[in-house]
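One structure is given here, and the rest of the page talks about it.
Chain lettering (A, B, C and D) follows the sequence in which the chains are written, and residue indices restart at 1 in each chain.
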Amino acid sequence: MRFFQQKVKVGIAGVTGYSGEELLRILIRHPHAEVTYVAAREDRHCKIQSIFPYLEGKIDLDCRVMDAEDAARACDLIFLALPHSASMQVAPVLLDRGKSVIDVSADYRLKNPAWYPQYYQFEHTDSARLSQAVYGLSEYRRKDLRGAKLVANPGCYPTASLLGLLPLLEAGIRWSAPCILDAKSGVTGAGRKASQSLLFSEIAESFKAYKVMGHQHEAEIRQGLAFGSAANSPEQPFVFIPHLLPINRGILATIYVTPTAPVAPERLREIYTQRYAKEPFVKVLPDGEFPELRNVNGTNQCHIGVGVRKDTGVVVIVSAIDNLQKGASGQAVQNMNLMYGFDETAGLR
Amino acid sequence: MRFFQQKVKVGIAGVTGYSGEELLRILIRHPHAEVTYVAAREDRHCKIQSIFPYLEGKIDLDCRVMDAEDAARACDLIFLALPHSASMQVAPVLLDRGKSVIDVSADYRLKNPAWYPQYYQFEHTDSARLSQAVYGLSEYRRKDLRGAKLVANPGCYPTASLLGLLPLLEAGIRWSAPCILDAKSGVTGAGRKASQSLLFSEIAESFKAYKVMGHQHEAEIRQGLAFGSAANSPEQPFVFIPHLLPINRGILATIYVTPTAPVAPERLREIYTQRYAKEPFVKVLPDGEFPELRNVNGTNQCHIGVGVRKDTGVVVIVSAIDNLQKGASGQAVQNMNLMYGFDETAGLR
Amino acid sequence: MRFFQQKVKVGIAGVTGYSGEELLRILIRHPHAEVTYVAAREDRHCKIQSIFPYLEGKIDLDCRVMDAEDAARACDLIFLALPHSASMQVAPVLLDRGKSVIDVSADYRLKNPAWYPQYYQFEHTDSARLSQAVYGLSEYRRKDLRGAKLVANPGCYPTASLLGLLPLLEAGIRWSAPCILDAKSGVTGAGRKASQSLLFSEIAESFKAYKVMGHQHEAEIRQGLAFGSAANSPEQPFVFIPHLLPINRGILATIYVTPTAPVAPERLREIYTQRYAKEPFVKVLPDGEFPELRNVNGTNQCHIGVGVRKDTGVVVIVSAIDNLQKGASGQAVQNMNLMYGFDETAGLR
Amino acid sequence: MRFFQQKVKVGIAGVTGYSGEELLRILIRHPHAEVTYVAAREDRHCKIQSIFPYLEGKIDLDCRVMDAEDAARACDLIFLALPHSASMQVAPVLLDRGKSVIDVSADYRLKNPAWYPQYYQFEHTDSARLSQAVYGLSEYRRKDLRGAKLVANPGCYPTASLLGLLPLLEAGIRWSAPCILDAKSGVTGAGRKASQSLLFSEIAESFKAYKVMGHQHEAEIRQGLAFGSAANSPEQPFVFIPHLLPINRGILATIYVTPTAPVAPERLREIYTQRYAKEPFVKVLPDGEFPELRNVNGTNQCHIGVGVRKDTGVVVIVSAIDNLQKGASGQAVQNMNLMYGFDETAGLR
């Protein structure tokens, strides 16, 4: 563990969004962090504890209009929980002042700048830094995260998908028919924006697939799957379709792989249990058991169930996380712990 | 239209279950039916309108303990909305008395008697009649339903799956990698039984896959897919996994097919729009649109959206129904209409 | 019943709001109405069945931008399901063209023009017509509704409250301690507006009282209670507090009255059963039973349970309606039926 | 603070109920407690972490069939989260062995043994100890809790009601018209029992009042209100009616008091803010604000909003708690902290 006598002074930009709020909840009880700056674009200047009444008595801090210079003066590390394309305006200022940045948006996730106009409909204005940013899928990037200055925190769907699929690829299992990623998310995944399609009465007692013909997270999943493959190995095809659950939190991905060579159930189980045996935040469920969102919601855990279907040999992996914890703010704090050499679980139990 | 001067006298066994209750709601306003008998196993003898207060003023009928002889005396047609393995005790008595039966349970759905012990854990005691029962997937069995005496009403998952997949097979499209049927159902699909796993607090704000390694409806789907294939054509492999949605009603199945030869999007759309052009209860959504449960719940409609994924050529079909209507009681009444030669939509608009 | 050979041509302004949509659902299957005009403020010109896909095959009509002259040309009767203060701009044009109007907003509910700035924050621009408008609490205004040209359809909270309380007042029961109206409403009561406070994640798994210090419906309740009192009798004090339920539909009001003289339970029951004995849409529940929203939702029924608390003598009345049916669009159609002399229940069973 | 070198060894009987599970969640991270015994009546002998998968890695303990002697051997303090009438069988054995008991059921809450047959339908078999049991409404019984051996933990409804009403009584405010306690609770308040009325589909999208003519918690509220009154002062009348919310957690009570003498809004605010100024777990909201369940759920906080209605002078108090935390297990741990002289907030932040 690295020597670190004082607490890290941390700031949160976009604190009134769901990810920002969750970051604040976690960080105010983190043993090695002190929240010294919080900002939100739209909110009038006021106390953060008056916006979130349950924080009364736990923190006393003004909620400001985001200003990168102010943030740089007040903090060592700034979490950017901003809408896509906003982070790349702010991060350069912070990094130039020598500050560290964990970006919860997609702005630094993709290595290929050409993917931004294609998947996110904007030109990247800080593309030089894309190669420096560490993609913060904690369980697969520990070494790079240590001492990193700019971390691109993974998206919620990619986190659930990659934690579910990467062990297969690392074990050399391949497929030619496309792998199916059928993912279902709670509503907070869409952010706290006043949109008619997110109204209670549009969602309660309903369910739907969305962006069926293509979702921006595919680029990130595609890039992430390359982590698990040997260099120059061919891309493994997949189809990803998200669905909207009438619940607040949680992502559950049901993953179907038709392997090119049969995989024995015992071998499959061994692959997963070995890969995640020492991981504090990934739990492979016992044989025959599969995850439920209520067992991961409110925690930074990823639960994974695996099995092989008898007649078809299809490998089924079910992966579940809390989209605001392991899928966003929890993993962001896990990454902070890894950057600074703290106990990886600090503030996350 | 067949000549039919008087109303059909109908009975409902298992009227206090969700399917039975829905049958009653539909039948009391059906122009060609008169409900003359309702029964429930457990309930004490009382008026049905005191069990369901919203029926007050619409019907006045005793709810009895099920007795096949009584039912035969009171009705021409009896709907059996009983637990699996109970219908096969009752149906023979009714049929022997010359009555017609629409069985909403699984007891007469499978042609192969050996599948009952394998998938439902009971030996069939009336297996001779399995071959006579008409499998009531209305849109695919109209001729056989006309004048039928025993109809096996399809399960909710098979209805959504088969309406989604059969047009592909009929059009000669084949696949070798298993087709994926990722299905999600509301809670009423599990019936009104006092089980801890169905308690509000176990389900609200949660989500899970269940019976991941095998669900009894697979036998029915497998059998149903043969409807769409030429005789002696090889079975098309599939994997079916159900999930439990924290809502009351509705099934949405996301279906992924990797065809052996590429299918153009226009061709796919043509296959579905042509197949269902004249169907009163199946609607193929416009290009780029996919179903939402709130648009089918409370109706006997099946909504289907189709598309081809660009990079992989995977055909995606999303099929949505109300599990208690098109997935059970609505389709049962549609089948009654077909049996008796009534307008197919009578009582279902 | 009045002679009426042809169907009434009806229009709906504000058809994309929850009340407007519900009106459309009811009116397209109404035996004496033909929907000839639908309009919505914001929506681009398109077919109404493409906005509400479940209407496909049931109606084929353009959804227009509201224009009073167009509406007057196309219809005999126009339902105004517009935001407050919009109806009073449109109604005069329609009425001057000799058309009939049922206004679902609050614009013509209050007799006292001074209450509009006080309770609704706008000056009334058509105050001369306030006295002509018939307050459409159907069960208490039948005579006035017959042949009426302008009907002010009651609010959802006032409907539940007044149907619950008026029998007591009519029976001469009085109170000096304020009567408590503790009301709970589903989310559609707030309309389909993109507001952050109505997002799924702000409401699901939560509950709150709102407008605790005063809600605009109090004026309407106060005015309505006068219906039940003899002329010049003193106002009976009350406190009304609304709460927001995490469900789509339904209002349940729990009403507490401390009568100045004791009321025997049998007498209380007699008051309610007699008052509502012949009402098709109000049901007084049996002794000891109280309403549940699931028994009234989707219907135009009001369910009422009554009882007297032993030790305190407090009279408890629980009144439940579907806020979009009896609390808005259902009652509006009931009023149409009364205006034109149709069977009061036409289109509402 | 009392000298206490070692951790208290604690046991939980009824650990698979909602209160028991919540106790376990809290106690495994409590700095001064070590969970050494957990028991459940029905469950087969197995590991507690296999029943609650999210506990994996946090605890390793057998879940046993409850045996008072075993519990006494393993623990210093036993929490009884058992059904009513079961605790009074077990508590005497534990107390006779010198152990401490916090009973989460109603068995030791009422001082008057005659109230048990009247309100709970059983004769009390350990009535001698009723007078010794300390009623654990923490904020009002600190002195008595210090060193107590038997604590009767308050019910969820009484906790919300009494925290809301007692400051008024302590301040000498009286009423003659009955105070109205209109309370709404999430479903976990009913416990984890497989009852048809608690099924998801019976509760979702619905709402109802229940036990309208009388609920067993009235006895406890009546007794509790006496805490705030001077000796021999007359009982203040009230009516309590509970309602069932379609959510998992939380109780919100809307309380209406018509005081015999007018209370100024500033005076009312002063009464509450002064009474609870130093309380770590009770927060009086700013003027004009009222509680929402989502701000208290998951915490041991009680949020209270107060106001005076202008025209009627009715005092309105809205009190909100998480029924499983401050309404049960959280308060039980708060009481443990007080019994042993720990920091009152230990384990509860």
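Just so it is clear, a contact is a pair of C-beta atoms (placed from the backbone, for glycine too) under 8 Å apart; a residue touches a chain by one contact, two chains touch by 3 or more.
Note that this is a predicted model, so its numbers are computed, not measured.
> Same residues or different residues: which describes how chain A and chain C meet, taking over half shared numbers as same?
same
> Taking contacts as defined above, which has more of them, A-D or C-D?
C-D
> Just how far, in Å, is the C-alpha centre of chain D from the one of chain C?
Comparing mean C-alpha positions, chain D is 40 Å from chain C.
> Using the average of all C-alpha atoms in each chain as its centre, how far is it in Å between chain A and chain C?
47
> Centre to centre, by mean C-alpha position, how many angstrom separate chain A and chain D?
38
> Two or more other chains touching the same residue: where does that happen in chain A?
Residues 202, 204-205, 246-248.
> Given which chains touch which, is the overall layout a line, a ring, a star, complete, or other?
complete
> What part of chain C is in contact with chain A in the complex they form?
18, 186-188, 192-196, 198-205, 246-248
> In their shared complex, at which residues does chain C touch chain B?
29, 50, 52-54, 56-58, 204-205, 280, 283, 285-286, 289, 295-296, 298-299, 301, 303, 349
> Please output the residues of chain A touching chain B within their complex, sorted ascending.
Spelled out, the residues of chain A in touch with chain B are 176-178, 180, 182, 184, 202, 204-210, 212-214, 237-239, 241, 243, 245-250, 252, 254, 256, 258, 288, 290-294, 297, 305, 307, 309-312, 314, 316, 318.
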